[in-house]
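Take a look at the structures below.
After this come two complexes, each holding chain A, first together with chain B and then together with chain C.
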Partner chain A sequence: MTAWKETAARRRVLTILRSRPFLTVAIVAAVWIVASFVSRGFGAYGHLRYLVELAAVIGLVAAGQTFVVIAGGIDLSVAAIVTVSAVSLPLLSWQADPTGLTAVLAVLALTTTIGLVNGLGVALLRVHPMIMTLAMATFLQGLLIIIAGGSAVTAENPLVRWLGNARPAGIPAGVLLWVAVSVIVLAAMHATSFGARLFAMGANPLAATLSGVPFASTTLAVYGISGFTSGLAGVLVLGMNGQGYVGIGDPYLLASIAAVVLGGTSILGGLGTYAGTIPGAILLVTITALITVVNASPGWRSILFGSLILGLLLLSGREQARR
Partner chain B sequence: MVATAPLLAARGVSKSFFGNPVLRAVSIALQPGRVHALLGENGAGKSTLINLLSGALRPDGGAIEVDGRPVSRMTPAYAQQAGIAVVQQELSLTASLSIAENIGLGAYPRRFGLLDYPELAVRARAACDLVGLHEPLSIPVGHLSLGRRQMVEIAKALYRRPRVLILDEPTSSLSATETKVLTELLERLRGEGIAILYISHRLNEVMALCQHVTVLKDGACTADRSLEGTDASGLVRLMVGRDPGDLFPQWQASVSTSNAISVRNFSAGLMRDVDLDIRTGEVLGIGGLVGQGQEDLLLGLYGAIPARTASATVNGASGLPGGVPKANALGLAYVPADRKREGLHLIHSIISNMMLPAFARLPALKLRSRRAERETARGLAAQLGIRGDLDRPAQALSGGNQQKVALAKWMPHHPLALLLNDPTRGVDVETKREIYMMLRNFAAAGKAVVLLSSDTPELVHLCDRVAVVREGHIVAMLERGALSEEAIVSAAMGAEQRQVAA
Partner chain C sequence: MSTVASSRQAGALYWPVQLRRNVGVRGLFAVVMAFLVAYGFLFPGLLTASGFAKFTQSWFPLALVAMAQAILMLTGGISLAIGAMVSLGAVIAATTMTGPLGVAGGAAAVALTGIGIGGATGFIVVKLRLPAIVVTLAGSFIIGGAALLILPRPGGAIPEWLSDLLAGNTPAAFVLLLLIVLLWKLYLATPLGLSLYAAGENPVGAYRSGVPVDGARVAAYAISGLLCTGAGLFVAAQTGSGDPVIGTAFTLNSIAAAVLGGIGFLGGQGTMRGALAGSLLLSLMISVMFFLGFTPVAQYVAQGLIIIGAVAIPQFRKVQQ
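And now, the complex of A and B:
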């Protein structure tokens, strides 16, 4: 009996050790250890904390992206939504509410609505997710240029500033926010029937529909969540940056998708977990930091970044062919 | 006539798919200047035999002979060289290419290494004239009706100047005029010494056109003889009438007079203005040739495709469900025909597959209990005899066990009416028996079962009533007493009407 228990426990440990999220964590740890020997100051607590703080923004955008990808779609409007959030928040007056909470909630409601519109297009008008969200991104970019123009706007909202700069108990508020969001996301994904429906939709939409999964409302919810977390990321990046400007969200499109895929979630949908996206986001920031250490010109930085992501994906195993 | 060697022949060929024998030692010889009919029910092995003759498949045993000499490696390319052309049942045309381009595809005339369009036009025109296609050759095939496309398909075969022409249900989408043109064409080709293999479910055509017949039943040849002195009912008898054995459970009446589902003037997909009452406690069979709208009937009732109806009652609620979640809430459950594509999530665990309908109907944010899920799945697996680790992906299971999972996932929800789309297709005999048992027990418990099947014996031995569907209408409702394979097949083919007419 005890022997059986032991083998069951061993099997469980082996499953975790072989899982993609764990592999990504291991890669992050290895890179950190090697880099802190090679580069002085890389392994300092302050620097690592800073890396995780940067990863929080990617992690938030990638949270919604993970939902969308698992459900079999993709959201190419996340970068534009981050910008919408970071640019529209300073424009909102917060004087009536000294905490600034109202303005933040209003912006989150706006970005969630944008996500819901994406969902409407995908679920009801049957527009391919790639086309729908790309069109949405282009639309939003045009709107932003008309509203904000080329100038940067300064955030004076106290809640936003607190979020971007405070360190309760030495931990950045943004990281705390990320931890809270991660707990909710993981619970929704793996512990609710809503989460189970997403995996079913991503793996075989037809079979899911015939099994009674409410396709339209679930799709709507998924893109709405993506709009919400992108909006949240926009609030955080605005707080950390102090200013919002058109283009502030641009780096987060590739980053969010790369974090999802590096974390082992299938780009085809139906398989994956946010538990992999979290180390995926940290890995991306770490790579960026390493490239900065190398002191390359901006052009070379981009080239290195792209090549490293490709290399890492090859290293951590390409997707197996699926029928 | 006997002296000439057959242009194309199969000698004792056998073929199995995944251990299920589809053809057993079948022989057929196509003589020049003869139209040879190939008859058999759905799944009798006709398509497999054609695929062997045309080199698309290789036989497991036996030989294919061309001009009396055995061919060791029959391939589609060799078949084409030998002058064998096949007009497939499922059209193989490219919708965006023009008529001429489709006809010449794979055998384009070339000049200086480039496609010679003027030459192609001349030769395609000649082929089109043979079949009476007078449309401009430059219009895309996608713009043509199904019947015209079928004629393009035939022209494509003729373009290759075949010596052997195989036609797989060529007239199923043709109008009466087009059928007449085709019949005259085949008569002329026969006169030119071409060997023709003609597959059709329309017995009057076969009687009028063909000289010789081969009948397949369950992968074995039951007749190979001249058509002279045979009538339509004789052919039907040759196609059906086998020993049902003890595959089917003892039939016992459990039908009540109350209706589980009742629709008037129901239309969905191909189905037009159908009246249907499905009683509680009965197994209602849906029969007919493949693709007459039977599937649309089930999907429409289930709310998976748009449907219209004058009035409907489903398990006491009035009106059609209009959506799958609503249908599930009303106690309907659907088991699709294509379990890999429509029924299962192959990359997910067996447990997840079994629990999906539960996930679909529970409140979205209700927390899952993995322990309870595992217990439910264990119970279902034990009940249905699915052995092994339930954490394996569903694709690890055999076809029969996959079908059991597709059925089992509905059981915890105690559906009042089961809609089944060909549940035993590609399933081994043992699993078939288990599924039949389940369905009969289900009916005995006062539930309604709607069994769409392409397997006629199944309909005869399992069902209380059988609705036979042809061209989107229920053309016959056969009661238990009147159920026989002959009755179903003749209703499906419209043989009754002809008898009346004759």
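And now, the complex of A and C:
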């Protein structure tokens, strides 16, 4: 009896040790330890906290992206949605609301609607996700320049400023927000029937539909979620930056996809977890920080960043052979 | 006797087969014709020699990158590094052609870079089994960084006679495009070319039937890279200098052109003539909007709407049937 329990426990430990999320966590830990020996100040609490704070933005964008990718799609409009959120929020802040909550809610409703429109195109018009979201990004890019012009807009929203700068109990509010979102996302993904439907749809859309998974409403939901979390990331980035401008969200497209894939989620859908995306986001920020430490020219920095992502992919992002 | 008959039969079969392949893109051809007529009205200079030359020159790079993307999509791949490859081709052309290598050496360097990087990308995607979209996304950073290293800010030069030949008042661009289409037809007749569609449509089935699936896919990436840096060389000749970020817009436009042309994302679906027509349509749309006085911003909005519309309407009809 006890022997049986022991082997079961050992097997569970082995499964965790071999899982991709754990592998990503191990890589992050290794990089942090090596970097703090090599570069003084890297391992300081303040610096690591700053890294996690930066990772929160990527983590939020990648939360929606993880949903979409697991369900078999991809969202290339996240960067544009982050920008929409960060640029349109200051424009709404004139409202007579001392907390600024209404403006934030209005912006989140707007970005969720954008996500739902993506979902409508994919589910009802049957446009390929890549085209639908890419066209949406092009469309939003034009719209943003019409609305905001080329100038930066300053946020005077108290809630947004609190989110970007406050540190209740020494932990940045943005990180707390990320933790809260992560708990909800993980619960929705692995403990609800909605989550089960996502994996079914991503693994085999036809079989899932024939088994009674509502394709249209599930697709709508994942793109809606992606719009929502991208909007949330936009609010956070606006709070941390103080200003919103066209292009503020641009780095988050590659970052969100890379975080998802580095975390072991298959880009083909049906396989993965947000638990891997979280260390994936932290890993990305760490890489960027290391490259900044190296102090190279922009060309070399870009080459290093791309090569490191490619190298990490070889460790954790390989697809299974299909024959 | 029988071989003659069968070869004649094969010849007789050729055109009906080609016509059948047009079925999916007939609507597109009609739209392209309508746009061409509209363009001819707005800008009557199209029918003069120099107007025709300028028009084909504005289309040519887009046609090349659309082909580059279409080859990959036919094999079930995709590239998000098209823009970076175009930039790299442009800076290599602009830095080598006036140097000791000369025009021929510079062109060879551009071509070898394209084939080399394309082949390496193909190797990583196919042999190391990494998802193409992520590899090319990461690759776009590496390639873009290399372009920045070669030429940190716009500069360099292209010999004037080459600029005049390619982008002056000659139909050189159109002739080159015809040549490339001819080469594509020849490539499709080689074993690797024949494997292209099979590898995209059903890779496992093709592999088990002895089709060189991996070879066909790596070759497709190499050809795609060559087309991209070639487009970069042409863009450099057009502007007379190199610019490390000049190609950025081509990534999106290449995908849009290929999809407008009826190339499917799953591989094996679509034809190169469709992709070329798609690129022509996109190029016409951009020109027509320019002549109608749309601001660049309104062009973005209209382009997004048109692409969704063009892709959605045929799909929608299919669903209703």
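What we mean here is this: the second predicted complex is superposed on the first by the 318 of 323 C-alpha atoms of A that agree within 3 Å, B and C clash if a C-alpha of one lies under 4 Å from a C-alpha of the other, contacts with A are read in each partner's own complex, and residues count from 1 in each chain.
We take it that a contact is a pair of C-beta atoms (placed from the backbone, for glycine too) under 8 Å apart; a residue touches a chain by one contact, two chains touch by 3 or more.
For clarity, every value in this text was computed on a predicted model and none was experimentally measured.
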Combined model on chain A: chain C and chain B, fit or clash: clash
Chain A: partner with more touched residues, chain B or chain C: C
Partner chain(s) touched by A:Thr7 [first = chain B, second = chain C, both, neither]: neither
Chain B versus chain C as contact partner of A:Ile303, first or second or both or neither: second
Contacts of A:Thr292 with chain B and chain C, given as first, second, both or neither: neither
First, second, both or neither for A:Thr154, with chain B first and chain C second: neither
First (chain B), second (chain C), both or neither touched by A:Asn165: neither
Touching partner for A:Leu314 - first (chain B), second (chain C), both, neither: second
Set intersection of chain A contacts, chain C complex versus chain B complex: 322-323
Chain C - residues contacting chain A, complex: 78, 124, 128-131, 133-135, 137-149, 152, 203-204, 207-208, 252, 255-256, 259, 265, 297-305, 307-308, 311-312, 315-316, 318-319
Residue ranges of chain A in contact with chain C within the complex: 74, 121, 125-128, 130-132, 134-143, 145-146, 254, 257-258, 261, 266-268, 297-307, 309-310, 313-314, 317-323
Contact footprint of chain B on chain A as seen in their complex: 187-188, 191-197, 199-200, 203-204, 206-214, 218, 221, 270-271, 322-323
Chain B residues touching chain A - in the complex, by the definition given at the top: 302, 304, 324-325, 327-328, 334, 336, 340-348, 352, 355-368, 409
